[in-house]
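Working notes, beginning with the structure itself.
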Amino acid sequence: MNQTEKHRLKIGIPRALYFYKYGPFWTAFLEFLNCDVKISGPTTSVIVEEGTKDANSELCIPIKIYFGHVKNLLSEFPDLDYIFIPRYVSSHKEQFFCPKFLILPEAVKYGLKFDTPIITLEINVKKNSEHESAINFGKILGYNQETMIKAWDYANQKFEEFQDKAYEGDYIELLDELDTNPKHKRKKKKLKQFIPEAIRGKFMVNILVLGHSYNVYETHINRDLIGRLEAMDCNVTTIEKLPKSEFSEKITINEQYHQYWQSEDEILKTARYYLRDGKNTIDGVIFLISFACGPDSLIQEIVMRDMKKRKISYLDLVLDEHSGESGLITRIESFTDMIRRKKYN
Amino acid sequence: MTDQIAIVSNIEEKSLIKKNEKRKEKTLDVFMGIDIGSVSLKIVLLDKNNSIIEKLWLRNQGSPIESSKKGIRELKEKLESSGMFNKINIKGVGTTGSARYLIKSVIGGDIAKTEIIAHAVASLTYYPDVKTILEIGGQDSKIIILRNGVVADFAMNSVCAAGTGSFLDHQASRLGIPIEKFGEYALRADSDISIAGRCGVFAESDMIHKAQMGYSKEEIVKGLCDALVRNYLNNVGKGKEIKPPIVFQGGVSYNEGLVKAFEEALGAEILVPEENILMGAIGAAILVREESERTEKISENWKTKFRGFNVLNLEFETKAFRCQGCPNRCEVVSVYMKTGEEDENGKEKKEIVARWGDRCGKWAVY
Amino acid sequence: MVIRVSFPSMGWSKIAFKGLYRPIPGVEVVDPPVVTRDIVELGAKYSPEFVCLPFKVTLGEFINMIENYNCNVFIMSIDCGPCRLGFYAPIQERILKDLGYDVTIIPIQQDDLLDFQWLEPFYKITKVKGKLMRMVDIVKGIRFAFLKGSFIEDITRYEGIIRCREINKGDTTKTVEKLLKILDKEWDFQKLHQFHKVVKREFKKIPINRDIEPLRIMIAGENHIVLEPYINMDIVKKFGDEGIEVHQGNSLYGWVMHKLHVNFKRKTLERIAKPYIPMDIGGEAIWVIGHYIKCQKEGFDGFIHAYPFTCMPEVSARGIIEGQQPDPFYLPIQFYSFDEHTGYEGMRTRLEAFVDLMKLNRKNNPKFQDNYIEPPEIREIFDIPEKYEGINTFFTGIVEPFLNTLKILPKLKVNKRQHEK
C-alpha cells in the first residue's frame, strides 16, 4: 500500500523489546515519512497473559510480551495498515543480535495468525549499509531514495537528541512521552518507603542495574525495580547513564575471543567500566535477566565472576511471568540491607 | 501508616506508659522478634545482652493475623505464669519472614527485615566467625555467605519447592513416617540409592518407582536426603564458595539425616545452633535493638510503635476486591482494624491498617 | 610437558575427530570416554544455571578428562554466529581456570571452513617447527577425518533404516557397534578407502524382512543433542525398536561439508525454508524447517525435533512450526527438549503415544497412506553387487607415497643442522 496525500498510513509499533532502546528512532523515522504512528499501551497483566498463551513456553518473557503487544495493537487499532516489526541482524560488522531478533517478523507472522501486513525495517550492516536498508524500506511505502536518506538522518539526529536527554532525565518518562495517546498515560507510581523517616537519606548506597533495556525499563515485568530501589535509599545507575565514549572500544573475553552480541556488548562494557574506572562509585550490581535468555545466561556468568574477583556485591534477578513480587522484594531488600551493613557498620 | 492510626496507637501507648512509669525502675528493656513464615510463627524476647527471656513456636493456623494474635496471647500467658509480665518493657518489635509487613502493621512493629539479614545477624551473635549459613525452612531455602562478619552474598531457591520443609513433610506422610523420625530412618540406611531430586514432582515419581523396585524405607529416606542436598547445592548454592564454619538452621535442620548428608557432601562439620528454628526471630530482635540504638544516636528519640498486648483486644478483618482501574485487574487486599467507636450513622468505625496487592500504588497503605 | 589433547565426544563423531588430530606429531590424543550421568552432573554443577545442555555436557567431559586422563589441551569448535555456541570456549575456559586447572581450550573457528581459520589450532598445539611437515600431517588428519566421518554417516544412516526390519532383535545394534569399533582402529588409508564395502557386507549379514512398510520418521534438531546417544536417550534406537524407520537429518560429515559450501542437500533445504526463516540464525533452525517441509512432501509419517532446553534458534523454529499447524503443516511432529534432568520415563510415554498416533494416521488418514517408498539404502546394501573402484588407488598408490617422501625432507634438514653443530 502506498502513501498518498489523501490516505495517511497508520502504522502500529508494539511497545516491547527494542522499543525501549530504538523507540525514539522508529517514531521519528516514521513520522518524517508522514505516517500515523500508533504505539501499544504500557504492558499490563492482560498483555502478558495474551502473549504467553500464543507463544511457545520456552521462549523468553520479553518475546512473549512482544506477542501480547502485537495482539493488543490489533485489537485496539483494527484499522492499522501495517504493523512495524523491525529485523535487527547486526548494526556493527562483527556483531549480531540474538537469534530471536533475526526472525522476529517471521516469528510473529507465523506464530500469531492475523491479516494485517507486517512492515519490516531490516538492519543488517553485514549485507547493506544503513542508508540502503532505509531505501529498501522506502520501496514498500513508495518513497524515493532521497527522502529515505533524509528520513534516516533525521531519525538518527532525533535519536541522539533523545539519548542526550536520557543521559540526564528519567528514561521511562521520556519514552512515555513518545506516545501521545492520552489513554496510555501512566501516573507516577506511589511506592512504599522502606526506610524509616528518621534515617532516610543518611545511609545511601549506589547500585548499578545491568540488563537489556527491555528488562530494566519494562516496569511491569520487573515490578518497578528502579523505583523500588530508590525507595530503599539507593542511587541507581544504568547503562544509559554511562558516557558514550565508553562504548567505542572493542571488547574481548579471555584475551582471545571477541564478543559478538550487540546488547551484551554494552552490558559487558558497562560492567568493565565499573570494574576499572568507576570502581569506587558503586556498591553493588544487580543484573536483570529474563528466564531462557540465551545471551544473558552466559554473560551473567562472566559478570558474576568478575564482580566476585573485585569483591563487588552482585545479585542476579531472573524474571519470568510466574515470578512473584514478594520474592523479588525480599531479594532486593536483603541485597541493599547487606550492602548497607557492609558499608556503614 | 496513616496519621489516624498513629493517634490511636498513641492513645493506647500513653495509657501503657502511665502504668509503666510507676514500676519503671524495676523494668527490663526487652526487644521482641517475630518470624512469621509460611508454616510457623516464632516469637522471642531478648534483653539487651541478647539472652532469651521468652520464646515461642507455633504452627500457623488460618491467616497470619490470627496466628500472630494467638502467638501474642500465648506469649502473654507464658509471661504471666513466669511472673515476668510486669517486669518487662517492650522497647521494640522487629518482624521478619514472608508476612513481615502485614504483621508489622497489625502488631505495630518498628522494623521489618528480610529473613536473610535476620538469619545472618542471629548466626553471627552465636558464631562470630561463621562463613556460611544454610537455611532451609518451610517453603524456601537460602544460602548466606559471610566474610569477616559481613554478609557477602546470598541466594534463594527460585521457583521450585523441592528441597524445602514442606516437600519433606509431604514425602514423609507419603511414606508413612512421622516427620520427627525422618532423620532417624536416614541414619539407619546401609546403602545408597539415587533419587532424581530436581523437581518435587520428579522426585516423587522417582521415589515411588524406587519403592516399587523393592528398596527399603530407610534407603529411600536417605536417598531423598541426598537428593535434597544435591538439589540445594546445585541450585541455591550454585557458584557459591562454601567455607567452614558452616551453620545449618531453619526447621529442616532438626533432621539429622540431612545434617549428615550435608556433612558428607561438603566434607566439613555442620554446626546446628540450639535455637535453630528461632534464629530468624532472634535476628529480628537484634536488628530492632540495633535500629533503636542507631536512631537514638542520631535523633535521640526512639519510641516503639508496638500496640502493646492490647492488640489482643483489637479486631482485624481482611477484605479483598479487584481494582477496575486498569486492565491489570489487581487483587487488592485490605486489613481493617475495628476501633470499637461508632460514627454519626451508628456504624462501626474501621481504620485501615494495611492495603497491598496493587501494582500502581494507587491503593497501597503500609 | 606432554601435551595431551582431547575434545568433546559428540557421540560417535569422536572417531572422526580422533582421526583429525592423531597424525599431528608431538601430541597424545586422548580418546574421550562415553558420556555418562556422572559427567553430565559434573558439568551441570559448574555451569551457569540457564545455559543450554551441550555447554554443560562438554564442560563435564572436560573436567572428567582433566581429572582422570590428565588432559591439558582441549579443542572446541566455536561458531561466532548468533547462537551461544561461539561463547562456549571462553566461558568454559574461565570456569576451568577458576576451578584451578591449568588447561588451554583451543577454539576451532568453524564459521566458514573455506577461510581456513580452523587451521590455526594445529599450529598452536604442535611445537614442531617446519611448516611443510605439518601440512603433510594436517592433510593426513583431514583425510582420516573425512573418510571416517563419511563412514560414520553411512553406518548411522543404514542403522536407522535396517533396525525396524531386523528379524532378530539386537542384530543391528551389534553390527553398528562392531563396525564403529573397526573404524575407530583403522589407520590404513588403503583399507579405509574400501571400508564402505565392509559396511555394506556387515549390514547384508543381518536377516531382514523386506516386505513390511514401516512408519517413516525423520529425527532432526540441534547437532550435539541428536548425535549424542546418551543425551538423547538413544532416541534412534528407541524408535527403531518400536518398528519405525528412522531417517537422520544431522551428521557431522554433512555439517562439515555444509561449512565447505559443498553440501547441496542443505542448500536445497535452505531454499525450501526461506519463506519461514530467511537466514541462518544459528543451530539447525533453518534446516529443521527445511527437513520438515520436505518430509511432509515425501509422505513421511512423523517428525522429531530434538534440541536443548531453551536453545534460541531451535525454539524459534519450533514456534514457527507450531504456529503453522495444522495447516499448512499437517505432518505430526513431536518436540523433545533435553536438559540434564530429562528422564527416560517421561519421554517413553510421549514416544509411545506418538507411535500410536502415527499408526492411527496410517490407518485412517488418506494423507499418510500409500506413499511409502523403499529407501534406496536397502537396494544399495542388498541388491547392488560389489564393484571394484579404481580411482582411490590413485590417491593411495601415488599421492600418498609422494607425500611421505616430502615428510622426510624436513627431518633431513634437522639432521643436517645438528651435524653442523
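By written order: A, B and C. Residues from 1 in each chain.
Going forward, contacts are C-beta pairs under 8 Å (C-beta built on N, C-alpha and C of every residue); 3 or more make two chains touch, one makes a residue touch a chain.
Please read these numbers as outputs of a predicted model, since none were measured by experiment.
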| item | value |
| --- | --- |
| Contact-richer chain pair (by C-beta pairs counted) among A-C and B-C | A-C |
| Most distant chain from chain B, judged by the mean position of its C-alpha atoms | C |
| CA centroid of chain A to CA centroid of chain C, Å | 38 |
| Gap in Å, rounded to a whole number, between the CA centres of chain C and chain B | 53 |
| Chain A: positions in contact with at least two other chains | 318 |
| Contacts with 2+ other chains: residues of chain B | none |
| Multi-chain contact sites of chain C, meaning residues that touch two or more partners | 49 |
| Contact set on chain A toward chain C in their complex | 54-56, 58-59, 89, 96-100, 102-103, 106-107, 110-113, 253-254, 256-258, 260-261, 289, 291-298, 300-302, 305, 318 |
| In the complex with chain A, residue positions of chain B that touch it | 98, 110-111, 113-117, 120, 150-154, 156, 158-159, 239, 291, 294-295, 298-299, 301, 326-330, 359-362, 364, 366 |
| Chain C residues touching chain A - in the complex, by the definition given at the top | 48-52, 78, 80-84, 86-87, 89-91, 93-95, 98, 107, 276-279, 281-283, 285, 309-313, 315-316, 318-320, 322-324, 337 |
| Contact footprint of chain C on chain B as seen in their complex | 196, 198-199, 202, 205-206, 209, 233-235, 238 |
| Chain C - residues contacting chain B, complex | 44-45, 49, 341, 343, 345 |
